[in-house]
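Presented sequentially are two complexes of chain A, the first with chain B as partner and the second with chain C.
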Partner chain A sequence: MFLKDYISDVVNGVSSLLKGMRKTGYYFTHSKEIITEQYPDNRATLKLADRFKGEVVMPHDENNEHTCTGCTACELACPNGTIKIITKFDISPEGKKKKAIDAFIYRLEMCTLCNLCITACPSDAIKMVPNFEHSVFDRSKLTKILNKPGSKIKEGIE
Partner chain B sequence: MLSLESITKTTQDWLLAKFDPTIALAIECVIVIVLCITLFAILGLVLVLLERKVAARIQIRLGPNRVGPGGIFQTAADTLKLIMKEGLTPDSADKFLFNLAPFVVMMVAMLLLAPIAFARNFQIWDINIGVLYISSISSLSVIGILMAGWASNNKYSLLGAMRSGAQIVSYELSAGFAVLTIVVLTGSLQISDIVAAQENGWWLFKGHIPVIIAFVLYIIAVTAETNRAPFDLAEAESELTAGFHTEYSGMKFALFFLAEYINIFIVCAIGATLFLGGWMPLHIGHWESFNHIMDYIPSSIWFMGKTFFLIFVIMWFRWTFPRLRVDQLLNLEWKYLLPISLFNLLLVTVIAIMGWHF
Partner chain C sequence: MYNETEIIKDTTNLGPEGELVVNMGPQHPATHGVLHLVVTLNGETIKKIEPHLGYIHRSIEKMCESLTYRQFIYVTSRMDYLSSHINNTACALLVEKGMQIEVPERAKVVRTILNELTRIASHELWIGAMAMDLGAFTPFFYAFREREMITDIMEDTCGARLTMNYIVPGGLMYDIHPDFQTKVKAFIQQFKEKVTEYEDLVTGNIIFQSRTKGVGVLTTEDAISYGCTGPVARASGVRCDMRKIAPYDAYDRVEFEEIIETAGDSFARYIVRVKEMNQSIRIIEQLIDNIPEGEFVGKTKNVLKLAKGEFYQRVETARGELGVYIVSEGATTPYRIKFRSPGFSNLSVLNHIAKGSKIGDLMATMGTLDLVIPDIDR
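Here is the complex of A and B:
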């Protein structure tokens, strides 16, 4: 009885090992099925997941207009002080004073990409883009001003 | 026909004609040393690259592909980097032993090269106790590893070295028994005799069942003896950082790394010599014309082909099997491999006496 168990142990062990080797041998002989991304060779055709969060940007339309009202909801929502909004007052044609942003300062080096600013924004002025090539030689290059120079708020956004 | 045999013979004749025998011998020694070191360097580069490529293919990756076409200069670049790095010796280490250990490991690997027949009549030292010499020298490598582990003054290193000691001491037994089966069949310990005995077929085919069992046992045991995965407990990355060579850096680390691959080459060369006929071409019994065709392939290519096939098998093991626990390791040896190899030796003795092999 002992001998029978012993032999079946050996046979089971060897056969399960061979099964594993067959699997890896299959992979070895089928080199066409490479599953890794050949970055940076495939940079042009690189597909990232939709929910990949790489950086906060402020979309501008063709008239260089954004939808940020300068309400600072994102600045308040940010857990680590990544966003700093400097506001100014624009004088509208009717002579009314209107609050607008002067500079939307975004510090990428402090950002944890938690997405809280995006959800806090009432006017969808900022969004996350799947851009991950952030390496620079100087830290100060990571402090970005998101609103483009000369841009203004879109009509009808309060 | 230009063969390694004729090259060595012309060289020797020329040296003997020019110098007196003692100086000729000294010059031959120097040539052999230079050739050995060159072989080591080339093997180190080739085998590391081969391993990385095989690993990549098995894991459905591409592997190194940046330096040179297909990444063939990757290991040369790595070696250059290791040469330029600082070989740090820890403050509280035993400096003498710490610096000696990599050289002991390398020296053992070099000594093992002596009786290996690389091609027809191309052998450094055809000693009449070749197999015994190999099994005795290969057990010395544990001294270098223990030395490295102890002198590092690091608990991981010491644990790795101790595991390696337990492992090598126990697996040597079944490797020795596997080798003995061939010695029983051949009736000689000399490597050239063992190769010559396989002229009408390799032992793996001639010796059928017991030799196949012995071959499997040999492959398992030498995988353990060279501290390769799945028996790499001595340097288990996830448990002991790097085991006995945790504290080594730069070229001293490179020597350990090189010695590992050289050892793989040597055990595979011995396995190829014993079971697959060494440099002997594939001969099948009395098929004269087939044997003649096979003879046209140079013997060195036969030897290297068989050796690299076995190296590939061992790499295949490494990238397939998970690492054993230390108790499983010792169970496998003392409860399975050793009884099976003892029984197998008995079987092969009966077969050799009764003449039941081909």
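Here is the complex of A and C:
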């Protein structure tokens, strides 16, 4: 009786192992079914999802104009204090004072990419872009000023 | 302090009856994170296991007290990072309950689908890591192949692969990707074809079976008294599925079985998780063609303020029951927040079920408890 159990155990064991080995052997001979990203060799063709949250940017149009009014809604929505907006007052030719941003400071090293600033923005001035290669040699390089030098607010945005 | 440390060369006279204390972790490949187990051994037999926590404590509960009801949701993705969608859902449901926010049907259905996809992804990763703990390296890649499809879907729709932060109080942050339905259907088809590979590789494997059957047996009484939930308790015959007991989102209108095993050993816990993945597929299949049209987020006030009082919401994560408890003083931030995490209770049973077994069996026992350390140690 004991011998019978022992032999059946051995036979079952070997057959179960062979069953698994057959699966492994199948993929060994069908290497085209294996999917592996060849990063960084495929950097030229690499395409990430459009919505991938990689970094906050402020889009500028061809006249170097953005739509940020400096309302600080994003600054209030941010859970980590990533965004700091410094505002100034522009004086228009008619002599009117108008609030505008001086610097939109964005600290990537503190950002958790939660997207709350984008949803809070009333004028769609900022957006997420799928950049993910953020390694730099110095931490201070991760503190960015998003509005380009000399840029101003688009006409008609209040 | 280091001056007083002496190197002990003779290990025969340590403690009573030649006990040996071995530190497993905080950096150990089988603990999947910074879990530190102080294991007292007698020869190869385990006499006592003492988990030491605190290596990844970020005081999430205290952090949440200074964040508003919109902001605190993203932090909960960092607790149980393998079921971050479900954690976010729990918090969103609680705020909706406290403020009586109407959630659109579309948001409810999409949330349910995403929660089930998260559960499958979590169990896939667990199967791979568990088999790797027991010395089988190949299933890891097979499991990650299917999991990659889910992370791709998440990337398309939510914009992130692990910490999504897609669920907001009132619904969803933005609408689903136009390709969402076709991609999920493609995933279901591939999953159904390939799930037999796990059966061939892992379930039927004689080495895996003899290392898990009868190892780390948890009785029904102990599962209840230690407060175990999720697949760990269901493998011991306890009915504890929150999706059945207290349905939330769209779970009350889908059909699925609650998987119950009675053996209570490591193999039963494995079987429960494998069968649960098939049930998750069943739930997704029922909902994926019937996503209602309409708004994806309900009308909410600009500033969320919970009424004065106490609120509690529980959901079923991939690891068990997650409870969120908020005491509100009527302000924009919670006065006190407490998470009842499934991993903590499941870890507490480890000493009880691994005592008396060999140290090699500890890997199987600990692996099948499915511990995620940031969830235990918030």
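Some points to look at:
Simple rule for what comes next: the second predicted complex is superposed on the first by the 138 of 158 C-alpha atoms of A that agree within 3 Å, B and C clash if a C-alpha of one lies under 4 Å from a C-alpha of the other, contacts with A are read in each partner's own complex, and residues count from 1 in each chain.
Methods note: contacts are C-beta pairs under 8 Å (C-beta built on N, C-alpha and C of every residue); 3 or more make two chains touch, one makes a residue touch a chain.
Small disclaimer: the values here were computed from a predicted structure and weren't measured.
In the superposed pair of complexes, A:113 makes contact with chain C only, with no contact to chain B. Touch criterion met: A:77 reaches chain C, while chain B stays clear of it.
In the superposed model, A:140 makes contact with neither chain B nor chain C. When the two structures are aligned on the shared chain, A:28 is found in touch with chain B, with no touch to chain C. In the superposition on chain A, contact of A:53 is made with chain C only, not with chain B. Of the two partner chains, chain B is the only one that A:38 touches; chain C does not reach it. Of the two partner chains placed by superposition, A:63 touches none, neither chain B nor chain C.
Comparing chain B with chain C, the partner in contact with more residues of chain A is C.
In the superposed pair of complexes, A:20 makes contact with chain B and with chain C alike. Taken together, the two structures place residues 9, 17, 20, 23-24, 35 of chain A in contact with chain B in one case and with chain C in the other.
Residues 67, 70-72, 74-75, 138, 145, 148, 152, 155-160, 163, 165, 168, 173-174, 177, 197, 200-201, 204-207 of chain C are the ones that touch chain A when the two sit in their complex. Residues 54, 57-62, 316-317, 319-321, 336, 340 of chain B are the ones that touch chain A when the two sit in their complex.
On the chain A side of its complex with chain B, the touching residues are 9-10, 17, 20-21, 23-25, 27-28, 31, 33-36, 38. Within the complex formed with chain C, the residues of chain A that make contact are 9, 12-13, 16-17, 19-20, 22-24, 35, 48-53, 77, 79, 112-116, 119, 128.
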